[in-house]
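Two complexes follow with subunit A in common, the first pairing it with subunit B and the second with subunit C.
This part shows the complex of A and B:
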């Protein structure tokens, strides 16, 4: 029973979407106003029920699935099987998305109220859930690669959704980058298959490379690892492959928040973790030039992302740059190639998901209520939207890494892993071991920048600058001329938007105050993985 | 056994139905063609399964004249499989482009179109089955003439100049091929493949005629490479595929170029000896040209605005893949090349046919931007095009992925060419993604109001053809293992 259940989270949403699309084709012919309202209600319950059911199945699997249970769906070619299997690391990712998705669906129903083509939007939103669950559940690199490609297909219509010129450009770039990245990741897949000790691509902690054969062609394999790293790194927005993300913020906010801050980018990071710790294995990579390159690339990305975020005046794009830098925290921790590093990177993966989706949802709430998208337009909104800005403050403080918030925990772990790696590296690899210490400095710089780019928003919200409010800001480029005057009184959005925000903020504080269960669980994974 | 006669039957049946069609009207000629292609499918399938079941190939003497004088046909697993797939794709291409055929071609000449189809089928089958070099040459010429006819019969716009281009380049290729054959005949004294191979082996063993053998190899390879459109000789491709009627484009790009490649492989294995070909380093030349084609074909496609020419340039890239596989010079590289031949036939025909469906609903303009929103107006064609594009990009579960996988894994076995192949594969995938997915996005972009003429709903036959093509692609992508096994077995039987 459990075995069969393993494929449900991936396939249920896909099946649901097929039904929805087919009914959409036939339903579009009888469009009346009252019928439309009815359809909308029905659509809400349909999507909500499917999402909830899927999350429940995921939790059932997380809590009660035995180790080593796996399900082979079909064979693509030879030993390349599409196989589902939920190990501890998969459980972490599955747990995160299963919590975030229902809340995000709730939020998007409020956000998308009044939009046309809801069918399309929610079809692909739901489909992405299935595909992301597939990534979490994939038991070998082939399955991961399959769902990674599917993820591109399922999410690009969501970027294209506004159908504007910008959206067209953004979705085009997103597709080119993602498919191109996958083409390089494919090489990694082929090499892992050829050099694996098991004859297939299944994930095993510590990697599956046949070290005897692999070491005879060490440099080739390291080069291929790098290619695959940057290939998967496209979705994880590593420096030279990051340019699609800021553009992709043209998508509706629920998409940017859930997909481009959590599902898509974290799938990239997850894939890299799988590639590093479960396919190539740390034993092969530790101390190699590939490790130092990867580490340096993620450090550069952190510096670049946090600096660019400060420069950016568009709120969502600023958050996108923040995502770029934060994703590289995960990769930086991963590049330590140690058990501490794996645990730290998973920790940041979980924590950052909550922080970033919370900040994006706040930005979305403001956009939805007032139509303001630039940071200099936010003057004084903090008093009019108290709950929204309260949650934003929590998320900001956590992103900076103030103690008592969740962000602190993960940053602490990353710094700890970097120190440990540096100490060991100095002994074993000479001057290269200095690089992890540089990572700590990068973390500090990035924390400072985070404080600047997040707190400016919050401060502007609470303490308006009178001179700007007096006038002139409307003439600035990009400012919306036609936004209605801010109505008096409370501007907070409806409960469907507020509830997710409050829950996220509560989780951030909760994890910040009591992180032990999480970190202990992650340390177990780390101990196994490296 | 009756089955052993089938290869001969199918060739002759197709040939004579062409003669018969000359006195029929268009509709009747169509029915005859469809019937012939249908029966070819059944016969090829019978041959394939018979050979697969018996695990052996056989030669079929024509008119009971024994080896050095008579003419021979040879059928094995690979021949049967290729004939089967080619005839299936032919049937689907004819069905998919049917309405356009009747629109593009003058009513009085429709039967001529189907005569060309019959001749094309017959010559393709002959190229696949023949065991005699001169027969191969004769059918190469028949194939060229049929191809020219197929292009020219759409007497509109630039199809004349396209046909002339095709004629000149093809004749150049045939001429080189003929010169190669003449030299080979001089050296070996045989035109039948099997005795010729024995003589070649003894010549090679004695170490004589080194330079003539190299010249023969080079001339035959280059001749057939020109005819199949390998990169530096590709200039005719965008014209012929871009301006012919859709069925003709699908058949020319999907099948005809593959027929020549198949012949080349057969000559490599059954006449010149694969090990001699590898030793002569000719494979390295093919490898480099193939690699250049993979990249340059895609670059040209990116720069192209006209949808059908874009798809045509993509053929240049895909032919490059096939030659790259041959050029790897390994058994597995050859398997990958053959598999990609099938992949490309199925996919490219699908792309050409579904592109037509999209044109119809967008005012028949050439520019790809005019297709904006066409995916909503003709859903099935849109899905078909998307599937084809994804397969070309190498999306898992579609046939293109398996090709890519086979190429990559076989590249690992030849260390000197490994990195070049892998990087070439990755880069060309990126380039493929750029022009194919650009088109897919355009298909599903917001539709401006386009004046649409003609029928809105696609016909049943067209829809059926698209669905079958998609299924064929999925079949090659998901159930590839038996196909690959059959190819491997078939290649072993070649020796």
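This part shows the complex of A and C:
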């Protein structure tokens, strides 16, 4: 019975969506004036129920499934099995998405209220849940690859959703990049299978390469690893495969927030972690030129992402650049190829999910309530939308890495991993060992840039400038009364949008203040993985 | 939660009162209530700090993650800074009662004013470097609204500049913190430093780089070159009481940071004679000279005082960088003297703006006829800063020069005192013209304008005058009777050097 449950989180949403789409075909004519509200209500309950049920199943699995339980769904050919298995690392990813998805669905219902084609939106939104859960539950590289491709197909219509010219361009670029990347990743899959010591592609902590054979073709394999890294790196937005993400912000905010800040990009990072720690293995990669290349690529991405975010005036695109930079924090930590590195990278994966979805939802709330999308339009909104901006402040401080917020914890761990790697590296690999120290410097530069690009928004919100034209001579008493009273009217959105925001902010503060349960669990994973 | 909870009180009480002042809806139009809350916070902070510093106490609060512990611990340096902070804060708070009547959003100002006080006490009581860093970041963020307060274009851009310089400095320092955590694990403050040479074998280069990063990074708050640029922009745009405490107290937290890092974590022996010490001495002396020079050329009163801060705080840093007991005592005594003097000066400048609207020094001719008592206080404070005996600045500069001469740092032993002297001359050059033109405007001065504006003999209210009086009196009295203070500081110096 337990084993059967393993396939539910991936397949339940898919089945649900099938039902929805079929009913949509037959019901499309009925979606006219009179029946519309009723249909919407049904849709809401249907999607909400499925999402919640799926999350509950995931939590049932996370809390009570034993180690090593697996379920082979079917065999493609020989050892190429589609197999589900939930190990500790999968639990981390599954835990994150199972918390975020129901809240994001709740948020979407308010956000999408005025939109047409809700059926399409929620069908694909739900379908993506299943596919992402499939990635978390994958028991081998083959299954992971399968769901990785499915993820592209399931999310492509969501980028296309606004049906504008921009959306068309963005979705096409997304498609080309993702499918191209997957092709490179496929090469990795083939080579892992060929050099595997177990004869299949199962995930084992420490990797499954047959080191004797692998070392005879060391450079080829390292090159293949790099190809696969950048292949999966398309979804994890590694420079130079990042260009689809800023464009993709044309999608509705629930999509940008959940998919382009969490599910899709973190699937890429998750796949890279699996590839590095569970397929190739750190023993093979540690100290190789591939490791330094990967580390350098993440550093470049961090620099690029955070610098571009400062230059960008469109709020959601700015956040997208921030995602680019933060995703590479995860990869940077992973590239330390150590147990500390794996733990730190998972830590940032979890923490960043909450911080970034919170910031995006704030941006979405502002867009939804006021229609403002550029940062220079936000003057004085902090007083009008106190709860939204309160949450945004928390998310911003956390992204910067101010202590007492969750972001500090993950940065602390990443820097710790980098220093440990550097200390060891100095002794073992000579001057290459200096690279991790450079990584810490990059991290701190990026933190500074984060302060610039996040806090300018917050400060604009809370402290709107009184311009000389509007206020006249400031030293004259009463001059400031000419400026419109910014306290008028509360523009905070409804509870369905606020509740997720408040929960995310609470989680950020909670983890920031008391993180041992999380970090200890992650250290266990790290200890096994490398 | 082990240890003495009394340490928590002076941190929590002002923050709580500040939060009430910020969040309370009833304060608009009800000034007495607001002031009641504010003075409960200030007086409570003052009393509980005095109570807390009398005992020996240690407090471990909780852990953010493994190896990141929040904890308090009292020692000589902490007591010294905490008492200085609350006293000055209280006086400047008293001054604000009148001053803030001509600003808006009083409750926001007072709210953050109180919160920063709590955070600063937390900074002084911090028992390890991580806790210190936590409060250091909080201090930057919570003092930002004080700088931004007027929300004019200049104020907002100055606020952003302040924020970015501070954050950049803090992150530079964080590099060092990461490094020492990785090597040492535990970063509890121990007089004389916790680091042992053995644990750094093979990593001396990284060690020195890390220390240098921390010197420059924490030096940002103290206005040390090259991260000094925010100070002359940010201090003058804030309301006068805020500029006073920003210049007088908050810059000292950068000093405290360097004391903590160099004398309580790294240990002076690790960097004695290295390039880091040389660079530190050089940067501080450069800042001393440059600050005085810029102040001398600056026509706007509050900006001139801000440049003066740049220069004077680097006196302190110079004293620390020599790693020598006498200079250390000189540096710490200059912390007190400069704090008192600079607060008095900024509050005077604020009083002038409040009563007359004058901002530039050249407008202030004949000020002695408008507010003789205030200008008298200004003169006393200025003389003290210049270093005329017996006023207090003389004592600290004497110790600094003596320390430099006996430090054995090569050419710095004589370059240092020469620069200090030059800068003292410049200090006289930029502070005293106001006194001279104020009291003796010259024969051609036409007093009719003052009469027309009804400015003659218009001293500010007692709430503004009293703090100025007390602060400048303090500056003079400490100069006449420096014994107890110097004894206390020498005791501290003995433990760390």
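Here are a few things to note about the model shown:
Criterion: the second predicted complex is superposed on the first by the 509 of 530 C-alpha atoms of A that agree within 3 Å, B and C clash if a C-alpha of one lies under 4 Å from a C-alpha of the other, contacts with A are read in each partner's own complex, and residues count from 1 in each chain.
Operating definition for what follows: a contact is a pair of C-beta atoms (placed from the backbone, for glycine too) under 8 Å apart; a residue touches a chain by one contact, two chains touch by 3 or more.
Note that the coordinates shown come from a computational prediction; the quantities given were computed from them, not determined experimentally.
Bringing the complexes onto one copy of subunit A puts subunit B beside subunit C with no clash. The partner of subunit A that touches more of its residues, comparing subunit B with subunit C, is C. Using CA centres, the angle subtended at subunit A by subunit B and subunit C is 150 degrees, rounded to a multiple of 10. Look at A:397: by the touch rule set out above, it reaches subunit C but stays clear of subunit B.
By the touch criterion defined above, A:75 lies against subunit B but remains apart from subunit C after alignment on the C-alpha atoms of chain A. In the superposition on chain A, contact of A:426 is made with subunit C only, not with subunit B. In the superposition on chain A, no contact is made by A:499 with either subunit B or subunit C. Applying the stated contact rule after C-alpha superposition, one finds that A:310 touches neither subunit B nor subunit C.
Aligning both complexes on chain A leaves subunit B and subunit C separated at their closest CA atoms by 42 Å.
Across the complex, subunit A meets subunit C through its residues 397, 400, 402-404, 408-409, 412-413, 415-416, 419-420, 422-423, 426-427, 437, 440-441, 444-445, 447-448, 451-452, 455-456, 459, 463-468, 474-475, 477, 480, 512-516, 519-520. Listed in rising order, the residues of subunit B touching subunit A in the complex are 379, 390, 393-397, 401-402, 404-405, 408-409, 412, 418-419, 422, 425-427, 429-430, 433-434, 437-438, 441, 444-446, 477-478, 480-481, 484. Across the interface of their complex, subunit A is touched by residues 62-68, 102, 104, 130, 133-134, 137-138, 141, 144-145, 148, 150-153, 156, 159-160, 163-164, 167-168, 171-172, 174-175, 178-179, 181-183, 202-203, 206, 357 of subunit C.
Within the complex formed with subunit B, the subunit A residues making contact are 25, 74-78, 80, 142, 145-146, 149, 153, 156-157, 160, 163, 168, 171-172, 175-176, 179-180, 183-184, 186-187, 190-191, 193-194, 220, 224, 227.
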